[in-house]
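One chain, chain A, appears in both complexes that follow, with chain B as partner in the first and chain C in the second.
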Partner chain A sequence: MAQSDSRVRRLVKAIALTLPLALLMAMMITGGRPAPTETRQLIGMMVAYVFTVGIFFLIVFTGRTHRYRSALFIGYAVSFVLTFIPGLIETRGSMAVTQSDMIQGQTPFCHMVIPTTLIPAAVSRTIIFPGSMLEGFASIGTMLVLWLGASVALGRGWCSWVCFYGGLDEGFSRIGRKPILKNISRKWTYLPFAILVAIVLLSAATLSPMYCAWLCPFKAVTEFEAVTSSIILVQTIIFVALFAGLVVVGPILTKRRTQCGLFCPMGAFQSFTNKANIFDIRVDPDKCVQCGRCETSCPTFSIDRETIKKGKTRMTCTKCGRCVDECPKGAVSFHIKGTPVGVRSQIARMAFVYPAFLVLAIMGSGMISVAVYRLLLLATTGSLVQ
Partner chain B sequence: MMLVEGFLLGLASGGACLTYCAPVLVPYLLGEGRTVRAGVVPVAGFLGGRLAGYLVFAILAWLAHSAVSETMPHQKVIFAVVTIGLALLLIVYGFAGRERHCQVAAGVAANPSRRSFLLMPVSLGFLTGVNVCPPFLLAFSRAAQLSHLWQSLLFFAAFFVGTSAYVAPLPLAGLACRSEKIRVVGRLAAGVVGLFYLYSGVVTMIAAVH
Partner chain C sequence: MSLIKAIRAYAWAFLAVPIVLLTFMGMDPLAQLLVMLTGLHVHPVYAGGEVTQVINHGSYQTFIHRPVFDGLVRETDTGFVQIEWQPKDANLPELLDEQIDFDQDRKTDFHIQLNTSTNTTTLESSDSRVISADKAIAAQNARILRVNLRKQSH
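And then the complex of A and B:
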């Protein structure tokens, strides 16, 4: 009887918390405009809406964060690829960006370039990226404002709730039951910071966005420079190899997000925002039984014996909630800095998850909506592009 | 007058010089993890090596003038070899024998002999010094107009002093690198920079050979 009452209470609470989000999402997904008359677009929109609101309901009702966030996060990343590539083909006729596009500042700006543009910009007052500051799709200004706002609210939670690439290696890390590669030396978890230092210095020296030009694995699934010389050919081979190694093979072998945890300089840069963010993940030493499940499951290598002893995670924690879900004793929890550890942790969890999910849902639902539409287009016309 | 000219040219273009030297020197300083005071020695070693590199160029500039129309023979090959040498040094420092380097650093802390400790920054400084950056080309072309070897040497020495003003604050990096984590990051960053220079050197070499 008591169990049944508790279930009803959880259900009521979940509906009460989901309702405002559902209303907000209805407004965001339609953009305040009437519903589309084109059936495939309408289906895409409805699928995206039901999926995102349903995911949030499950997060609140079950008390599990990572399991359901992950489903939306992976769907968001896959949808980004399905939206972005056909969009490029429709507007440009190809995934390749030409020298002319770059000279005209028509290269879409993505957050991965922020460290290599922000730091040299602070020193030289020059944005070293061939994109537009305010005009057009994915302008530098828009992305910087979005990044700044989300960083203040979420810290490195950006990497598990906002980044539209992170879901790709998270998706591949879900393939297979057990990791094949287990013992990864801790020194390699410092590599993203080393790459950050190297690319910032080299970008300033060469006045070019080094990460974008040489190391970004996601060029393989977004856009790349048209291959017109042997140097660009070498760059393209590097992108494809990095994508295959870090986003596909690495996550499958380790069941971790190897690109995010062992390579991404943007993630390393974002780690510093965790210091200023009010949310973190804490371990209650009184409840912890040292089973190590949080350590072995952390997708970004952000928790280990040493940090568990200190009752916290490393600064690279992306607040994905996996360790919280995995802990059999409820010793790991979301936490608001300055409050006692393990007390009212559900309030801390919802205080973080609500805005984080809202950002993910707003960004993700638009892309899922278009991706479903593209897939329906493929099913009915045989092509992803119009 | 020639000394003032060299010094002012170095001072005016030193910011650009720093951006070329920083990818080599900053990871090294982070990797060594010293105090500000102890950081002065490797920076001085780096500057000494760089001065030696500059003086080599002073001689070459004077020779280029003597030969009037001749540019340096095989200059691309030379720069490619230098860049590859620099890259290999950084890669070895960054990825191989990290413990050995730590022991060297630890040994130096206990042992006043600094020969092995200075070898790396002096080598990095020399290889950076004999590389080409835009301010350096300005100095080279001006030095090539001077008629005596000693004038060319003095001009490059003055240019070196002017550019060094920007490198002088770098021992402050020691403030950031007392933690072992930052030392690991610095060494790995040196390796990553080395990989880029290796690629750059190999491409230059292929272009030179063809």
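And then the complex of A and C:
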């Protein structure tokens, strides 16, 4: 009887918390415009809406964060690829960005570039990227606003709730039951910081976004420079090799997000925003039984014996909630800095998950809506592009 | 004291939702405000620098940008000047033939011929600062060309 009461209470709470999100999402997904008349677009929009709202309901109702966030996060990343590439082909004719696109400032700006632009922006108020400040798709100004807002609200939660690439290696990390590579030295977790320093300095010295030009694995599934010289051919081979190694094979072998945890300089840069952000993950030493599940499950190598002793995670924590879900004793919890650890942790969890999910849902639902439309287009016309 | 600290912490935490909503709902005006307040702009190495001369040829116009030698903290030894040819209505002529005075000293710095079918160029330099011309880039009906320069004449 008491169990049934508790279930009803949880259900009422989940509905009460989901309703405002459902209304907000209805507003965001339609953009205040009437529903589309084209059936495939309408189906895409409805699928995206039901999927995102349903995921949020499950997060609140079950009390589990990672499992459901992960489903949406992976769907978002796959949808991004399915949306972006056909979009490029429709507007530009190919995935390749040409000299003409670059010289006209028509290259979409992506958050991965942000660290490399810092020194020139500070010194000469210039952005070293062939994009547009305010015009066109993914302008520099709008991406900077998105990054600033989400970083203030979520810190490095960006990497598990906002980044449209993160879901790709997260998706591959969920293939297979057990990791083949288990013992990865913690020293490798400093590599993203080393890459960050190197690309920031090299980019400032050469006035070229070095990570984009040479190291971004996601070029393999988004856009890349048209191969018109042997240098560009080498760059393209590097992109594909890094994608295969860090986004596909690495996550499958380790069951971790190897690109995000061991390579991504944007992630390393984003770690510093965790210092200023109000949310973190804490471990209650009185409840912890040292089972190590949090350590072995953390996708970004952000929690280990040393940090558990201190009751904290590393600054690289992406607040995905996996350790919170995995802990059998409820010792790991979302936390608001300045409040007692382990007290009202469900309030802290919802205070973080609500804004984090809003960003993921707003970004993700748009992508999923278009991706479903593209798939329906493929099924009905045999092509992903119009 | 800890109570005040906790209240402040919860207040700050609950601000995260309005911050996120403001970010999405006000994205375009906030981006304009950010660009206006910071003065951020695309580096001239990518944008080509400001247009300093416009030459009207009737059916098309030539836009000459300022020479770009912008480095991180000081000017670089080599740079470029960007020239654009834009048709007013239809297409550009088959052959563009232009005398360019990029520093506006009333002396021709180089003579450029551009075949708009092949985008190949012929450059005749009249100034030792002019090094070479890149291949012209087609941008819809327009053509964009960068002519490489060295800073000092030798």
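By our rule, the second predicted complex is superposed on the first by the 385 of 386 C-alpha atoms of A that agree within 3 Å, B and C clash if a C-alpha of one lies under 4 Å from a C-alpha of the other, contacts with A are read in each partner's own complex, and residues count from 1 in each chain.
Definition applied: a residue touches a chain if its C-beta (ideal position, glycine included) is under 8 Å from a C-beta of that chain, and two chains touch if they have at least 3 such contacts.
This one's a predicted model, so the numbers in the text were calculated from it and none came from an experiment.
Aligning the shared chain A places chain B and chain C next to each other free of steric conflict.
Look at A:205: by the touch rule set out above, it reaches both chain B and chain C. In the superposition on chain A, A:231 makes contact with chain B only, not with chain C. Chain A is touched at more residues by one of its partners, and among chain B and chain C that partner is C. In the superposition on chain A, contact is made by A:194 with chain B only, not with chain C. Residue contacts after overlaying the shared chain place A:50 against neither chain B nor chain C.
In the superposition on chain A, contact of A:214 is made with chain B only, not with chain C. Touch criterion not met for A:35: it reaches neither chain B nor chain C.
Overlay on chain A (Cα): least separation between chain B and chain C is 5 Å. Under the contact criterion defined above, the residues of chain A that touch both chain B in one complex and chain C in the other are 204-205.
Looking at the complex, you find that chain A touches chain C at residues 24, 28, 98-100, 102-105, 119-121, 123-134, 139-142, 144-146, 148-150, 152-154, 204-205, 207, 278-279, 336-340, 347-348, 351-352, 354-355, 358-359, 362.
Here chain A touches chain B in the complex through residues 187, 190-191, 193-195, 197-199, 201-202, 204-205, 210, 214, 231, 234, going by the rule given at the top.
Interface residues of chain C facing chain A in the complex, by the touch rule stated above, are 2, 5-6, 8-10, 12-14, 16-17, 19-24, 27-28, 30-32, 34-35, 38-48, 70-73, 137-139, 144. The touching residues of chain B, when paired with chain A in their complex, are 19-20, 22-23, 26-27, 30, 94, 181, 184-189, 191-193, 196, 199, 203.
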